[in-house]
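Labels run A, B, C, D, E, F, G, H, I and J following the written order; every chain starts at residue 1.
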Amino acid sequence: MSQATIPTKNAPYSELPAINSVLFEAKAKKGLTFDQIAKEIGKDEVWLAAAFYGQAKFSEEELKKVAGVLGIPSASALGELGNHWWPNRGLGPMPPQDPVIYRLYEGVLVYGHAIKAIIHEKFGDGIMSMIDCKINIEKKPDPKGDRVLLTFDGKFLPYAKW
Amino acid sequence: MSQATIPTKNAPYSELPAINSVLFEAKAKKGLTFDQIAKEIGKDEVWLAAAFYGQAKFSEEELKKVAGVLGIPSASALGELGNHWWPNRGLGPMPPQDPVIYRLYEGVLVYGHAIKAIIHEKFGDGIMSMIDCKINIEKKPDPKGDRVLLTFDGKFLPYAKW
Amino acid sequence: MSQATIPTKNAPYSELPAINSVLFEAKAKKGLTFDQIAKEIGKDEVWLAAAFYGQAKFSEEELKKVAGVLGIPSASALGELGNHWWPNRGLGPMPPQDPVIYRLYEGVLVYGHAIKAIIHEKFGDGIMSMIDCKINIEKKPDPKGDRVLLTFDGKFLPYAKW
Amino acid sequence: MSQATIPTKNAPYSELPAINSVLFEAKAKKGLTFDQIAKEIGKDEVWLAAAFYGQAKFSEEELKKVAGVLGIPSASALGELGNHWWPNRGLGPMPPQDPVIYRLYEGVLVYGHAIKAIIHEKFGDGIMSMIDCKINIEKKPDPKGDRVLLTFDGKFLPYAKW
Amino acid sequence: MSQATIPTKNAPYSELPAINSVLFEAKAKKGLTFDQIAKEIGKDEVWLAAAFYGQAKFSEEELKKVAGVLGIPSASALGELGNHWWPNRGLGPMPPQDPVIYRLYEGVLVYGHAIKAIIHEKFGDGIMSMIDCKINIEKKPDPKGDRVLLTFDGKFLPYAKW
Amino acid sequence: MSQATIPTKNAPYSELPAINSVLFEAKAKKGLTFDQIAKEIGKDEVWLAAAFYGQAKFSEEELKKVAGVLGIPSASALGELGNHWWPNRGLGPMPPQDPVIYRLYEGVLVYGHAIKAIIHEKFGDGIMSMIDCKINIEKKPDPKGDRVLLTFDGKFLPYAKW
Amino acid sequence: MSQATIPTKNAPYSELPAINSVLFEAKAKKGLTFDQIAKEIGKDEVWLAAAFYGQAKFSEEELKKVAGVLGIPSASALGELGNHWWPNRGLGPMPPQDPVIYRLYEGVLVYGHAIKAIIHEKFGDGIMSMIDCKINIEKKPDPKGDRVLLTFDGKFLPYAKW
Amino acid sequence: MSQATIPTKNAPYSELPAINSVLFEAKAKKGLTFDQIAKEIGKDEVWLAAAFYGQAKFSEEELKKVAGVLGIPSASALGELGNHWWPNRGLGPMPPQDPVIYRLYEGVLVYGHAIKAIIHEKFGDGIMSMIDCKINIEKKPDPKGDRVLLTFDGKFLPYAKW
Amino acid sequence: MSQATIPTKNAPYSELPAINSVLFEAKAKKGLTFDQIAKEIGKDEVWLAAAFYGQAKFSEEELKKVAGVLGIPSASALGELGNHWWPNRGLGPMPPQDPVIYRLYEGVLVYGHAIKAIIHEKFGDGIMSMIDCKINIEKKPDPKGDRVLLTFDGKFLPYAKW
Amino acid sequence: MSQATIPTKNAPYSELPAINSVLFEAKAKKGLTFDQIAKEIGKDEVWLAAAFYGQAKFSEEELKKVAGVLGIPSASALGELGNHWWPNRGLGPMPPQDPVIYRLYEGVLVYGHAIKAIIHEKFGDGIMSMIDCKINIEKKPDPKGDRVLLTFDGKFLPYAKW
């Protein structure tokens, strides 16, 4: 069942260390969700998934905990993601073609100017940080069809003037 | 003070009906925020801003109310946005260069796969709709710097199988 | 109410003869749908809309009928679309950003290879013509939400071998 | 006859699990069409082909049935496409260069605005869903050359206002 | 009937001298084809059409003859295309979206490598010149549908070695 | 002499079945031109070269003949190109950088609009088919330098109206 | 001397309010440098230039001071850049073709990964802010050729974990 | 722990000699920073990191020193980077998606024209060289958050006139 | 004969000051070549042509001389190109479609790596400056066809190491 | 020391026959420059380097000579570059990011229109051939810094008229 859960050739994440495949495979074998693993290590599921995809950096301790939860025999096998490794963040060719990710992108296309206008009116000349930002996903049951609540909680940063 | 508030030549929204400029200018003259206008017509500020930017469609009644609030003498002046007009949605050349909008785009780059993975784990094979979706922006005061709470509340749509 | 119904500067159809605006405006003033006009001149609404957008060529007679239905005083005003004019077909920058058109594009992204495979299995090595092709849109009422039936009826063309 | 039926290096689907090649090869050896396999498992041929190309998700049961029909010895060999796998949909570099797929794309270029206009006139401000959409291909015999009937049956989704 | 026969804003040829519009309009008023004009001035219709589109350079004498045939009162009105003007050749954004031009482009996509291989086998390492090249279009009647005979007659240029 | 005659990694045709390399190598070993092989199997050299590059589909019988001419021991070795294989046509990244192919592309850039105009004048609103099209290359000796005669013989297809 | 100092049609900044031209022209007439104006209003020359190019937002007071220095009769003429205007930042088509700006871009191409590596080693997982960032340019005389000292002084922002 | 510290497949630097991986791995095993190594060989850390990423050329002597510091047994193992090797500089697909590198790119987008204007005012018509340019990174402690001081010290080059 | 000699709308140089058109028109009326004007002002024809196209900066004195040669009544009419104007260099959309310019571009495509290799072998790690570079064009008569001698005389700049 | 001197994976020349690496490696081992080899076989260094990079075609005899000079044991090892091989010319993704090659590209950006204008004035409507073109690089010593003399000697080709 090698390399089953993520694309493996020429795909967006093909430049990830091979160890990432080990994480995905161990998760698949254990049959765990990101939420279940995240709760064990005291993190949110979105952040954890980002780390699996090489978009966030585990501390040494977090790496050990994940190895423990997934039953990866020796934490040293995860050494490739250790102190000297830094995420090279990104998604690959844009615009995204996968419909789930495209809808997020479409949110920028359709509502980007409106969101910018409201941020300016409420906060002034600046941005919502995507570095000091926490992302959360909730399932909101609804008889007409369940809803996804996707929240970005980002710090406002005013523009420097000098 | 003609055409002061939005770009006017070759800009993303240059293809909008000239009436949109009228809306922006009237708003600027009245010194009103989107939130103040939105409350008057019973809508959310983000949706209203989207409509100003030609990304949503006013009903006849909403158009009348907006004309009233902004003191645009005759509602008929807004006729161009009436029954026969449909939004031609979009942002213009991508990726966006404005830092406020780019940060939203960067959210897709960095967290797109993570968000997709969590949606699949919580809902199955499908998408979060960007059509049946409501967007909200809150200001969350914080001594270390106020935070932007940006929420997408979108219906989950499972993939058809046939 | 000049230039109300179609984008007028730098937009996809800005290269159309000015007469196209006259058609759209007359239609808006009469309050007619494409279907109502199409029935009057014995054509389908999709083809007629394509002709309004400069994507199909009216015959002299069709042009006269349309002028009559829309109450455009002198058919000669439509002369620009006459014998010496040929459509310069196309949509503008791709991929399309408007969600209605993007969904059609997404149909190509997601189902393109599947459609190709089935055409090959049913017809052999060749294509479905987009020149000898008729397009139809039906509204199919459904208690869970009305459905759009969009049909392409195109001639199969086998590849030449020589 | 390894990897015979689909491109294998740097091609659009090179990022698919290796198991997809197994499906295509078994189908080729059995000499079955998508239609024949689809009938055995109670699905449509277009959907089945999409699933073979990694653009749709088999349920566990469907995967078992397909394995049975194609004589793939152990269903577990298809485990890579099981519970933890989700389609990463898309076609690869656009515009498509293959003429069969390009013609679909050209349909968007030439008739996109016309289709959008008719949908608005018949349904209002919204889209035809490509998620809740069923696609069908029929062969329509014609003495002047057989025709392809390609139908998209998609749910209309009205835009949220809030 | 101003600016009727060619696109006039932001279109591929919008950068042409305004005099080109005069040529197209005079041709439309006279109701002449390129072939009819070409015969009068002793040139081929394809070359003449290219010159109308600003893709070839008239000599002073040719310009006079064209003015005469089209009844343009004073040849000096065509002075803009005179001695100091040089064609700035090109088509505009690629790939072309118009189906007629796209089919030529598709010929390059599908048969480019084959044509290159045959040229190499017949002539050696070099190219077919597109500068010293004459293009001809013939109509070949055929009961199954008339055919277009499009011929490029270009000089072979061997690669320099030094 | 493995993989000698065509690019083998990340190149335009890297997605071809491995069997195509076998064809090119056998041809190189035999020292045959496309014309020589084509004559043996009763086809034109351009079509044959296209088939070698995966841009056309051999029938079973043609495949056998080619195997015979090239001395490929068992026709079954060519099974990968058999009944279940369909060409995935295309050239790779555009515009083409190779000067031979670029000159064809330049022909579209410089003469595209002129060719379109003449086709319209001679045939009406429609296209020259690139599917029902035969391509021929002749060597025309000339004391000032031999010339390449490249002919496209394609069926005219009028636009459907409905 | 209208429109002398900045590009005015289809150029990167063509979407700026017309008032920006007024600023540039007044500056040219006065024969002042950015440094001279900046000193008068207590700002840095780089920030001021950015504001002239529509990449930063003047406060009401700064706008008044600038109007005074440049001798723009009535500050109200600058009202377009007032409270309701927000910068729509960006440079236009990339990569930049002007050699001065391209060299900055080349700095990212050649030294981007090295800068990223050193930032990680000195600060950890995070970025140098381009929002809370001050830019300075000094002239450093040198007998072998004067040197440009360009400094970015940006706040380090560590990645949020949650 | 093979190939742990840099991306290895299809990534920006995948075209580097394999020896670069050896450098990164030896550095990771020794647990040294670029600054520590740089001090040993008498170079700056930014230049050294650039050389590790294949963006600068080691002299023979520098290569020996680096090998010594990193404990790479035989300097000859680094022969691939010796006399006959020249950097093929560049970053890969642009714009960069990694947020650290993107912020540098955004500096060009937002402040490019301002920097150009100030260089012109201070130095005249010319550029800041990115070839004769030294780059330095300092950590500037700040109670509100440490700051990155990134300096480009580049020679001014006036444009030739002839 | 207004705006006759250069493209005037949306063309590569449409962002030039209007004064450039004046230069081109005066040159056309006088019937002078660049070489003739260049000799009068003591400059090379290539540099002068570059200045006409807005790619180089006239000194005040050069501007006066040019005005004199071309008979432009008042030198002040050329004030727009004076002290406060700086060239915004560039060609517009790439690759260039005009065959003359494309051939230069093709020189980079075909011989770029070879030129780089020879520069490295003759000069070491560095570049040929395009800022301190003089360009010359000579006509070399040849019975087999005259030849263009195009020479770049650029300073070699070695890479800084620090 | 395998594959040391040119990039080997996903790089511009990765599509070259493997034999090209053999050439580069043998050259590196011998410690010869292109000039030294070129003199031995009676060719210019630039042409030879182009041939090494797969951008020119060796004759059988040239190939033998090169093999002799480089001490490649059996000329037959170079058979891949023999009679049946034709260069597939090109540079890879554009614009080039390497500064040496970019400067050549920038020469086209900045001086392209000027060069075109002078060619037209000196030769008429036509191009400088890049096929019948010889390229030469000379080192011109200069106390202020040595200079690169890069010369293109290309045949002028007048446009055909027919």
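Remarks
Just so we're on the same page, a contact is a pair of C-beta atoms (placed from the backbone, for glycine too) under 8 Å apart; a residue touches a chain by one contact, two chains touch by 3 or more.
Values in this document were obtained by computation on a predicted structure and should not be read as measured data.
The pair with more inter-chain C-beta contacts, choosing from F-I and E-I, is E-I.
Subunit B and subunit I have centres, each the mean of its CA atoms, that are 46 Å apart.
The centroid of the Cα atoms in subunit A and the matching centroid in subunit B are 26 Å apart. Mean C-alpha positions place subunit A and subunit C at a centre distance of 42 Å.
Subunit D and subunit F have Cα centroids lying 28 Å from one another. Those residues of subunit I in touch with two or more other chains are numbered 9-10, 14, 47, 87, 89-91, 93, 95-99, 106, 109-110, 116-117, 120, 126-127, 129-131, 133, 135, 157. Applying the touch criterion to all chain pairs gives A-B, A-C, A-D, A-G, A-H, B-C, B-D, B-G, B-H, C-D, C-E, C-F, D-E, D-F, E-F, E-I, E-J, F-I, F-J, G-H, G-I, G-J, H-I, H-J, I-J.
Within the complex formed with subunit I, the residues of subunit F that make contact are 95, 97, 99, 102, 106, 109-110. Residues 43-44, 47, 56-57, 86-87, 116-117, 120, 125-127, 129, 131-135, 157-162 of subunit F touch subunit C in their complex. The touching residues of subunit E, when paired with subunit I in their complex, are 9-10, 14-19, 79-80, 83-85, 87-91, 93, 130-131.
On the subunit A side of its complex with subunit D, the touching residues are 1, 3-5, 7-11, 14, 27-28, 31, 93, 96-99. On subunit I, the positions that touch subunit J within their shared complex are 12-13, 33-35, 45-47, 49-50, 52-53, 55, 89-91, 94-96, 98-101, 103-123, 126-130, 133, 135, 137, 139-140, 142, 144-157.
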